[in-house]
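Here the chain labels run A, B and C in written order, and each chain numbers its own residues starting at 1.
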Amino acid sequence: MTRRQRNSGLIAMAVAFVIFILPFAFTFLMAVKTKKEAALMLFSWPTEWHFWDNFTEVIQARNYMLLLAYFNSTVITVAAVSGLIVMGAMVGYVLQRRPSGWNKVIYAGVLMGLIVPPAVVPTIWVLQGLGLFKSLTGMVLIQIAYGLAFSVLLYRSFIATIPRDLDEAAIIDGAKPWAIFFKVILPLLKPVTVTLITVQSIAIFNDFTNPLYYLPGKENVTVQLTLFNFQSQFQSQFNLLFMNILLVTIPPLIVFVFFNRQIVAGMTAGAVKG
Amino acid sequence: MKLIPSAALLAAFALTAGLAQADTVLSVLADGNAETVAALDALTKAYTAAHPDITFEIETHPGGADGDNMVKTRLATGEGGDIIQYNSGSLFQALDPVKNLADLSDIQANVIDSFKTVVTASDGTVRGVPFGAAMGGGIYYNKKIYADLGLSVPKTWAEFMANNEKIKAAGKVAVAETFGDTWTSQLFVLADFFNVQAEVPNFAADYTANKAKYASTPAAMRGFEHLEEVFKGGYMNEDFGAAKFDDGVRMVATGEAAHYPMLTFALGNIKQNFPDNVNDVGFFAQPGPDAAKNGLTVWMPAALYVPAASKHVAEAKAFLAYVASVDGCNEMIKANGATGPYLIKDCKLPADVPPSVADMLPYFQNGATAPALEFLSPIKGPALEQITVEVGSGIRPAAEAAGLYDQDVEKQAKQLGLPNW
Amino acid sequence: MTRRRSPYPYWFVLPAAVVFTVLFLVPTLASLWFSLTRWDLFTASFIGLDNYRQFFKEPFLVQGLVNTVIYAALTSVSKSVLGLLLAVLLTSGILWQSFLRAVIFFPVLVSTIGVGITFTALMHPTRGAINIGLAAIGIHGPAWLSNPELALYSVAFIDLWKGIGLATLIYIAGLAAISPDYYEAARIDGATRVQQFWRVTVPLVRPATVTVVTLSLIGGLRSFDIIWATTRGGPGFASDVLASVIYKQYQAGFYGLATAGNVILFALIALIILPLTWWFNKREIDL
């Protein structure tokens, strides 16, 4: 490591400390303060540490609402991301491998999916017609519908880097299309799948607007909605509000720590070649 | 002779017992205010104690426009549950009550007439029962600051401004404003309605009929001008743009600020967060141009409704009948204390009310009250709170703001499909 | 000779197509109809183009439109420029490189509401840590989120803070795809570091630039969450963007009007993004 590299590292760290680390330190410190101290909103060291008190109070609030919310959000995220992986990869595969007039239609759909803001109230109508309004299934399908465009694009460009020889060898072996896809192609898509899992699971887990509209009901609460609800309930209890922020940030953090190293690899091959 | 009624009673008992096997759970949708939740908790607990077969599930929604939206969407989609707590007046009318809410005309025996009018649908049926106490819109003041500076409660706007000047000169914040919660910015305009009506008695009717406008009615525009004057005078707290309702309550309760224009339900918050300061806070109606014609603008409490799509209309109505009884009323007073007069006949307030409530009662006793405009006219422009923030922050002059609000009102009137618009 | 069935059957597209059509296309098409009605969720009555007329009469709409464009341009330009610079820095083998990468990606993990609450507290005019910090060095900090001239820019800054990590990540991936041979060749030609940046990095990282600009521009034009979580379009209408104007119409129960606004927002995005994509693609062929 050159002196230049060391010095830039030191400067970068100093800047990153002020801009990125301090706000998180603030969140953490607020979360462990007493109600009175937190209300001052000062960036100060807590005079008394109330980590466990605040923690248990937030968990127990509204009859353990947060735990239910964790469960719901996890179910929605896992199901929707799985759906996005399979469906996105399948479309990307056909799109990349089989040029035809249909591709224009698919691209038009993808483009619409990227830029058209969803029409909320008509969507509620459709969901009701299907009996899926207020259900986790409905929410999962909505997240899939809204996330498909991005997934298809990501997979299509990555599949372009997989040599056709591989599928052709499998075709000659007499493998069925679904077998080629699930046994040969899908495993090769792992790097970009990791990227997709990270980006989409964070987005879906942190989504607030869509559950607000499509998933009303106490039994359907998601983690971001607890934050939104607690915002009015805890208006004068910043310590609990910030503790809640801290708690709902943990699952995305775990995903990130787990996949951190692989994300860039997937991006290199996928997203940027679009 | 004695046998027959008891047989009937027995039969009735058997009937309810038959129903009881169903063990009904009534779902209640309400705003998340601490006072709302406390009152609902008390009422439902008392009711379940008397009727063990009925239990409740209370769900809260965010306040303000987000909540309005949620309630409307739920009702429209038939997901309103069994009981909804929601505003009376123009917001009630926007729910399309004839279609969406059950008729509650037969459980109104104890409800005061003035309340019935604000929950009456266009077909003349009553669709709600009162939940909570009536509120006044006016100005909370810190009695200690008033005593220290030797000020007296103003009866005219000029006196109010003179007080502000003295308070400012004494190095204190004269008026707390909390535009971080935008709705709080509307008070000077909305609470001025008693004064508007005193000067232009037909304003509400003409305004609904598209004949009177804020911008062309000097008395109506005064509310906007007052807000502007307070800003220009430099009487506000420095963080007025970011402060929240809770901050405003704190400032006036603890003497950081001398005045806070607010609805009287803020007392609940003072009691909860600043119990030691309850007796330091007084209240007066928004002063107008004429001391002889000063009075209080009154907000009716929210109501409880039964969505027409509920599967337990009968059970929900039975509970609401209890809420609208003297017993129910006393239960609410027990839960939240007396924050203002209740709309139930024979429901008396306890004698030892806090000063800010005591200050409010004479207006009612002397008949010097007028309902807020939103209870006299179905039209309230949705952008008023943003417009008043602009005036109160010096972004837009009062006259222009009044004109802008008239346009906003027009949009609402058209949406409601009112004649003449 | 019978035509062999393709190994890339169209039924692969079917599940995705069904979900997308039913839950996205159908509501979108329905919204075109509802935008021509006065709709209170209960009944819809046809009123022709009145909603569009009303929307353009909306006094705050013009400001909202201008704000939308400013906001989107500001966030996407700053994300691409800073993202590229940070990516270059964080691939140059500096001290604590991987830790720094993780640190700037961290805000991406936090929900918008969480970020909104945190920054509302930090940017409080009198009690916020930012202004207290500034006061310590003798500067009287402004009301970041409640000064009408500043609010939009403060929110754009928060958006940048939250989104820069993703832009940097995409650029890091883009840089990794550039073959070291190009730099080698440039060095042999005697190019300085700055010259290498302009002649090798910038042109060759173009695919990543396209991704970052397009994604952040679309995101910026549609941006709503972060604005709603901080200023709610205020003070007054100072930081209103199209999406928040629409949302307010929606909240007020003007469903037809809100839906018309949605159609207008869509038109604006298409108007900006389509020519841009076309231009990006054309340049790609030129290269």
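Quick notes on this one:
Here, a residue touches a chain if its C-beta (ideal position, glycine included) is under 8 Å from a C-beta of that chain, and two chains touch if they have at least 3 such contacts.
Computed from a prediction, not measured in an experiment: that's the story for all the values here.
When you average the Cα atoms of each chain and compare centres, the chain farthest from chain A turns out to be B. Two chains share more touching C-beta pairs than any other pair, namely A-C. As a whole-number value, the distance joining the C-alpha centres of chain A and chain C reads 16 Å. With centres set at the average Cα position, the gap from chain A to chain B is 40 Å. Residue numbers of chain A whose C-beta contacts span two or more other chains: 121, 228, 231. Counting only residues that touch two or more partner chains, chain B has 73.
Listed for chain C are residues 41, 124, 127-128, 250, each touching two or more other chains.
Contacts from chain C toward chain A in the complex involve residues 5-10, 12-13, 15-17, 19-20, 22-28, 30-31, 34, 39, 41, 89-90, 92-97, 100, 102-114, 117-119, 121-122, 124, 127-129, 132-133, 161, 166, 169-170, 172-174, 176-177, 207-208, 210-211, 218, 222, 224-225, 243, 250, 255, 258-259, 262, 265-266, 269-270, 273. Of all the residues in chain A, the ones that touch chain B in their complex are 121, 124, 128, 133-134, 213, 216-218, 228-229, 231-233, 235-236. Chain contact summary for the complex, chain C toward chain B: residues 38, 40-42, 54, 57, 59-60, 120, 123-128, 143, 145-148, 232-238, 248, 250-254, 257. Residue ranges of chain B in contact with chain C, taken from their complex: 65-66, 68-69, 72-73, 76, 94, 96, 99-100, 179-180, 182, 238-242, 382-383, 386-387, 389-390, 393, 395-396, 404, 407, 411-412, 414-415, 417.
Those residues of chain A that touch chain C in the complex are listed here as 1, 5-6, 8-10, 12-13, 16, 19-24, 26-27, 30, 40-43, 83, 86-88, 90-91, 93-95, 97-98, 102, 106, 109, 112-123, 125-127, 130, 141-142, 144-146, 148, 152, 167, 171, 177, 180-181, 199, 202, 206, 208-209, 223-224, 227-228, 231, 238, 241-242, 245, 248-249, 252-253, 256, 260, 263-268, 271-274.
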